[in-house]
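Each in C-alpha cells, the structures are laid out below.
Both complexes below contain chain A, partnered by chain B and then by chain C.
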Partner chain A sequence: MRRPLLLLLPAVIPVAVVLGATLMLGLAQSLGLVPVVGDAKFDASAYRAVIASGDLWPALYVSLAIATAATAIALVVGLATALAVRATRIGGRVLATLAASTIPIPHIIGAAAIGLLLADSGWLPRLLGADDGSWPQLVAGPWWGAVVLEYAWKESAFIALVVVTSMAADAEELSDTAAVLGAGRRARLRHIVLPLAAPALITAGAISFIYALGSFEVPWLLGRAYPEPLPVLAYRLFTSTDLAVRPQALAVAMITVGLCLAVGVAALGLLRRRSVLT
Partner chain B sequence: MPTKSNHRGRISRRTRWFAVLGGITLLASACSASGEPSRGTSTVGAPERSWDQIVEEAQGQTVSLWMWGGDTQGNAYVDDVLAPAAEKLGVTLNRVPITDTKDAINRILAEKQAGRTDGSVDLVWVNGDNFRTGQQAGIWLCDWAQDLPSFAFTADNDPLLANDFGTPVNGCESPWHKAQFTFVYDAARVSDPPRTMSDLLDWIRLNPGRFTYPAPPDFTGSVFVREALYASAGGYANVPAEFSQKAYDKVTPRLWDILDDIRESLWRSGQTYPKDTNQLDDLFASGAVDFTMTYGPATLTKRVADGTFPITTTVLILDEGTIGNASFLAIPTTSGNAAGAQVVANLALSPAQQVTKADPGVWGQFTALDVDALPADAALAFAALPTSPVVPRYDVLSRNANPELAAAWVPALDEGWRRNVLAPG
Partner chain C sequence: MSPRTRIGRVVALGSQVSLSVWFVLPLVPVLLWAAARSWTFPHALPEEWGLSGAAAALADGAASAFVSSFILGLMTAALATPAGAMAAYALTFGRIRHERRISLLLLAPVFVPPFVIVMGANVALLRLHVPSSVGLALVLMVTAIPYTTFVMRSAFASYDTGIEEDARTLGAHPLHVLLRIRIPMLSGALTASAFLAFLVGWSDYVITLLIGGGQFVTVPIRVAAAASGTGNEALVAALSVAAAAPPLLLLLTLNVMSRHRSLWRRKAAEPQAAAIFPLIGANS
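Entry: the complex of A and B
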C-alpha cells in the first residue's frame, strides 16, 4: 500500500502546496486580513455582508440546480454511451473516439460554440427557420438550458470514458453467465452492470458536479443576468470598481470551495459504504 | 519486507514535513508581500527628468498596452499605425486585448500586492470609475501627463481633460480621445424616431420587445442608466455631480420607477439583458431589436460599410444632448517601462496620430486636442478628414453635451439598478 502512495508524492506535493497556499490566502482575504485598501482586520463581516445582500441564496440555489441537472443528464447519457461502446465492436470504437475527441475541447470553446449554435439568432434556429421568435430561449433563458446542455455534453463524454475503462473485463463474462441462467436484459443491467459501474459513476459524477458548481465561463457566457451562479457572483464582486467589496468576492469563493469539499466528502462516503457492502 | 517498508515510511513522513514547511514558507512570503500595499491612497510621482532623458531611457523598451479588445478598428489602429510609429521612436508597442478594463486593474493590483516592479502592464486605456479605483489603490504613476510635449496642443483647462468623471486627473493619465454617448436606430424599422430621452421611453412602451440595454455594471449599460437618470430628474442640472447618499436617495426612486415601468416592454420582457454592448450589437444586427447604443460611435462607420449593420443605421441626436467624456492612457506604478509608456502616450496624443485616428476609415475616434489652436498644417489635416456617412461630426454629436457624474455615482447606480430593476424582474 505504501509504494503507490510514495510514487504519487511528486504529483501530490506541488498540488497541495499551491492549492493550500492559494486557499489559505483566499480565506485570509475573505476574513479581511489582506485588504486592497484600508486596514487589515479579522472578522466575518464579508460573509455577513454577502448574506445580507440577498445575492447568496439565489446564487446557491441556481448553482446547485444547474450542477444537479447537468450531472443527472451526463450520468444517463454517459452510461448509455459506455454500454453502447462495450456492446458493439466497430460502432463502439467510433463512439469511443467521438467521446474521447470532445474531452480536449475547453469548456469556454464549448460554451462559445453552443452559444453560436443555440442562441436566438444562432445557427440552428436559422437552419430550422425558427428565427422568428418561436425558438426556445436556451441561451440566457429562464431555465439555463444552454448552460445545462453544455455541461451535460462535455461531462457525458468524460463519464462514458471513465465507465468504459473502469468496468472490469469480467463484466461481460458475468453478464453472459447470467444470461445463460435466464436473466433478462433489465435484470442484467440492474444486478450486474449497474453495480459494477457504480464506483466509476459515483466518482465521475462527483467530479462533474463539482466542476459545474465551480466553473465560471459557461454560465457567464450562456446564462442570464439574474440570478447569478456562485462563480459569476464572485467574479462580479471581485471585479467591482468598489475595492471594499473584494473580501465579499473571496467569501463567495470560499463558500463555493466549502460546498465542493462537502460534495467530495459525500461521494467518498458513498464509495466507502459501497465497498464495505460488497 | 518490513525494513524496506519502514524506510519508505520514514521518507514519506519526512517529505510530508517538507511539504508542510514549504507551504508555510510560501504563505508567509505571500502574506508579507501583500501586507505592504495597504498603505493605499498615496500617489507615486514620476521622477523629475527632462523629456530628452525620458526618450533616451525609453530606447529599446517594450510597452504592453492593455486595452479593451472588442473593437476591431481600434485594435487595427494600434497594431498597424501606432505600433509602427512607436517602433520608429525605439519603443516596441505590444497590444494586450482584454474583455474589460477591470481585468487590467486587477492584474496591476495583484502585481502590486506581490511587490513586482517589472509588471506585465505598462499602459492602460482607462477612464471613469476604473481610473478612480486605481487612484484609490494608488496604482497610477502621477504628475507626468501634463509634461508631455503633445499635451501643449490640448485646450487650456478643458473640463473633460482636467477631471475624469469628477476625479481630478492630476497628470496621472494622458488624454487619448473624446467620446459621446450615442443612441443608434434602424431608420427602416423606426419611422418616427424619438427626439428626447422621454420620447424614447414612450417609444419603448409603444413598441414592446424592440429595445433593450446592456446590464450594468457593463460600461454602456451603466451610461444608459445615467442618461435615464438625467431624463427622470428633468435634466442633468437637477442631479448633483458630487455623490452623496442624500442626493442618491432623492433622485433615484423616480429613476427606478421609470426603468421598472419600461421593463416589461424590453426585449424578452426584461427577463434578461444583454451582457455587454457586443451582445446588444448582435441583437441589433440580427434585427431582434431596433436600437443599439454606444460610447464609441466611431465603430458604426465600419459596421455599416461591412454589412454587419443595415445601411439604414442612423445616429439619434437628442435635443437635450447626451453624456460625453474623454478617455485616457495611464501608467501603473508597477511598470518597469514607464519611460517607454510616456513616449507612447505622447505619440498617441500627437497631432499626426490624432488626425489619423480620427479618420472614420481608420478608427474615427474624436480628437482630444484643441483643433482651433493647432499649427496651420495640422489644423488643415483635421479639416480635410473625410466625413462618415453614418456618424455626424463631433461638434454636432456633442451639442448640448451633458457632463458625466462623479465616479462615485457609478457603482452606487449599478448596484441600485441590480436591487431595484434586475432582481425583482
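Entry: the complex of A and C
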C-alpha cells in the first residue's frame, strides 16, 4: 500500500473534528467561555449553579441506578439466551431469530412498545385481568420499571448476539470434554462458559451501560417528571428559553460524558487485565 | 452445551420458550393496536379490527416522515461505509505507526452519548454557518463509523490477499483488483456495515431533534410526538410498525441473500452464529 494514511483520513478527520469540537467546545461552554448571552468569563459557576439547584445529585443517582439495573438484567438474560440458542437445534434457531429481530428496532419504538405493554391500560394488565387498580405503576412510576425493562429488553438481545458470535466453537468442545470428565452443569458454567464469555460480557455490558446512561428518549418517554436523569436534565436546560442556563446544560453533558468515558476506560482495563492473565 | 439428559432437555426447552416470550412480548400489543379499530379497557383483544391507526398515521404525515428517515439512513450508510472500509484496510495492512491509538479514536464515538455531541458541537456548527443538513450528516456519520470500521476490520482480519497478488502478477490494474476482486469478495461485510450505518440514521432521534430543530421530521420524531400524548395508541402502533418494518425486512432480505451466496460458495457456516446475526457471519 503506498498511501495508507490517506485512506485513514475520511474516517479519522470527521471523528477527530466532531469529538474534538464536542469535548473542547463543550467544556469551554460549561466554563462560561462561549456564552450565548452576556460576556465571556472563566469559572465553574455553571457547575455550582446546577448543584445548587438540587437537580444534579438526584439525576446522577437515578441515571446510575437505571443503567446498573438495566445492564444487570440484560447481562443475565443475554447470557441465558446465548446458552439457550446453543442448547437445541430448532428451538435455538427460533430463539436466535426472535432475539436478532429486536436488534434493528429503534429504541424510541422499543419505548413506545413497552408503553403499550406496561402502562396502566396496557396489554399486560388487560391480559392478567388487573383492571382494579392493582397494576403497579411501571410507566412514569417511582421505580422507573418501564425504563429499566426497555433497556434490558433491547440490550439483552445485543449482549446475546455479541456473546454468541465471539464464543467460538471450542467452547462447545471444551464443555463436552469437561462433561465427559465428570464436570456438572454448575462446574461447566463457572469454569468454562463464564471465563470464555467474560470478554464479550464485559464489552457488551459496558456498551449497554454507557448507552443507558446517555440516552435521552427512553426516560423522557417512559419516566417520571422528577427526578430527571442526566440526559433529560441536560435537554431541559439546553432548550430552556432562559439562555443564561445554557452553560449548566453543558455542565451536565460534560459530567455525563465523563462518567461514560470512565466506564469505557474501566472496561478496557478489565479486558486488558484478563488478557494478561490468560 | 447440548443437553444430555431428559431433565436437561426440558430445562433447555423451557428456557428457550420463556426467553422467546421475553423478546416477542413487547411487540404483540404494537401489532394488535395497529390492527385495532376499537379496543377499550379492559378487553384483552380489540373489539373491532381495522386500519384506523394506519389512516391516522397517513393523515399525520407518516409518508413524508418515512422518506426523510430513509434519506437519513441512506446518507449515513453512504458516508460511513466507505470511510470505515478504507480506514479498516489501512489499519489492517498499512503498518500505521499509531495503529492502536487510531483504532481507539475511531471506536470512541460509542463512548460519547449523542446528546453530548450535539450540545457540544452545536456552537461550532452555528458560528461556522454550517447548514443543519450538513451538520446532521456529519454527526450521524461520526456515530456510525465505529460500527463500519469494526465490521470491516474483522472482515479484513480473515481476508486472503493471495488472490489479489495473483491478479496483480497476471497484470491486473489496481482499479480492476479493487472493483473485480476486493469489493466482490468483501460484499458480505460491506453490506453488513452499510446496514448498521443505515440503522444509525434510520433510528436516530435526539441528533435529528436537536440539530434539525424541527426541520427534519422523521418517523422516530413522529412516534415520540404521538407516544408522549394520550389516547394515540393506534397511531403510535401504526407509526411503530412503519419504523420497525423496513430494517426487519432488510435484515431478512440480507439474511436470505447471504445464505444463497454461502450455499453457492459451498461454505459451511457456523449455523447458530449465522442464524443470530447472519451479516457478521456472512463475510468470512
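We adopt the following convention: the second predicted complex is superposed on the first by the 264 of 278 C-alpha atoms of A that agree within 3 Å, B and C clash if a C-alpha of one lies under 4 Å from a C-alpha of the other, contacts with A are read in each partner's own complex, and residues count from 1 in each chain.
Note that a residue touches a chain if its C-beta (ideal position, glycine included) is under 8 Å from a C-beta of that chain, and two chains touch if they have at least 3 such contacts.
Quick caveat: nothing in here was measured; it's all calculated off a predicted structure.
Participant: Touching A:Y47, do we find chain B (first), chain C (second), both, or neither?
Facilitator: neither
Participant: I'd like to know which partner A:G264 touches here: chain B for first, chain C for second, both or neither.
Facilitator: It touches chain C, and chain B stays clear.
Participant: For A:T81 in the superposed arrangement: first (chain B), second (chain C), both or neither?
Facilitator: second
Participant: Is A:V15 contacted by the first partner chain B, the second partner chain C, both or neither?
Facilitator: A:V15: touches chain C, not chain B.
Participant: Can A:F209 be said to touch chain B (first), chain C (second), both, or neither?
Facilitator: Touch status of A:F209: no partner.
Participant: Give one of first, second, both or neither to describe whether A:P106 is in contact with chain B, with chain C, with both, or with none.
Facilitator: Second partner only.
Participant: In this superposed model, does chain C or chain B come into contact with more residues of chain A?
Facilitator: Looking at chain A, the partner in contact with more of its residues is C.
Participant: Looking at the overlay, what does A:L25 touch: chain B (first), chain C (second), both, or neither?
Facilitator: After superposition on chain A, A:L25 lies in contact with both partners, chain B and chain C.
Participant: Tell me the contact category for A:W144 with respect to chain B and chain C: first, second, both or neither.
Facilitator: Once the two structures are laid over each other on A, A:W144 reaches no partner at all.
Participant: Would you check which partner chain A:S156 touches, where first means chain B only, second means chain C only, and both and neither mean what they say?
Facilitator: It touches chain C, and chain B stays clear.
Participant: For chain A, which residues lie in the overlap of the chain B contacts and the chain C contacts?
Facilitator: On chain A, the residues that contact chain B in one structure and chain C in the other are 5, 16, 21, 25, 34, 121, 131, 220, 238.
Participant: What residues of chain C sit close enough to touch chain A in their complex?
Facilitator: On the chain C side, the touching residues are 1-4, 8-9, 12-13, 15-17, 19-20, 22-30, 32-33, 41-44, 82-84, 86-87, 89-91, 93-96, 102, 105-106, 108-117, 119-121, 123-124, 138-139, 141-142, 145, 149, 199, 202-206, 210, 220, 223-224, 227-228, 233, 236-237, 239-240, 243-244, 247-248, 250-251, 270-273, 275-277, 280-281.
Participant: Given the complex with chain B, which residues does chain A contribute to the contact?
Facilitator: 2-3, 5-6, 9, 13, 16-17, 20-21, 24-25, 28, 34-40, 54, 120-121, 131, 137, 140-142, 220, 224-227, 236, 238-243
Participant: Chain A touches which residues of chain B in the complex?
Facilitator: Its residues touching chain A are 5, 8-9, 11-12, 15, 18-19, 22-23, 26-27, 30-31, 34-35, 37-38, 40-41, 100, 102-103, 105-106, 109, 113, 129-130, 132-133, 136-137, 215, 217, 268, 271-273, 275, 282-283, 286, 288, 407, 410-411, 418, 422-423, 425.
Participant: Applying the document's contact rule, which stretches of chain A touch chain C when the two form their complex?
Facilitator: 1, 4-5, 7-8, 10-12, 14-16, 18-19, 21-23, 25-26, 29, 34, 77, 80-81, 83-88, 91-117, 121-127, 129, 131, 153, 156-157, 160-161, 164-165, 169, 171-172, 175, 179, 185, 188, 193, 207, 210-211, 213-217, 220-221, 231, 234-235, 238, 249-250, 253-254, 256-257, 260-261, 263-264
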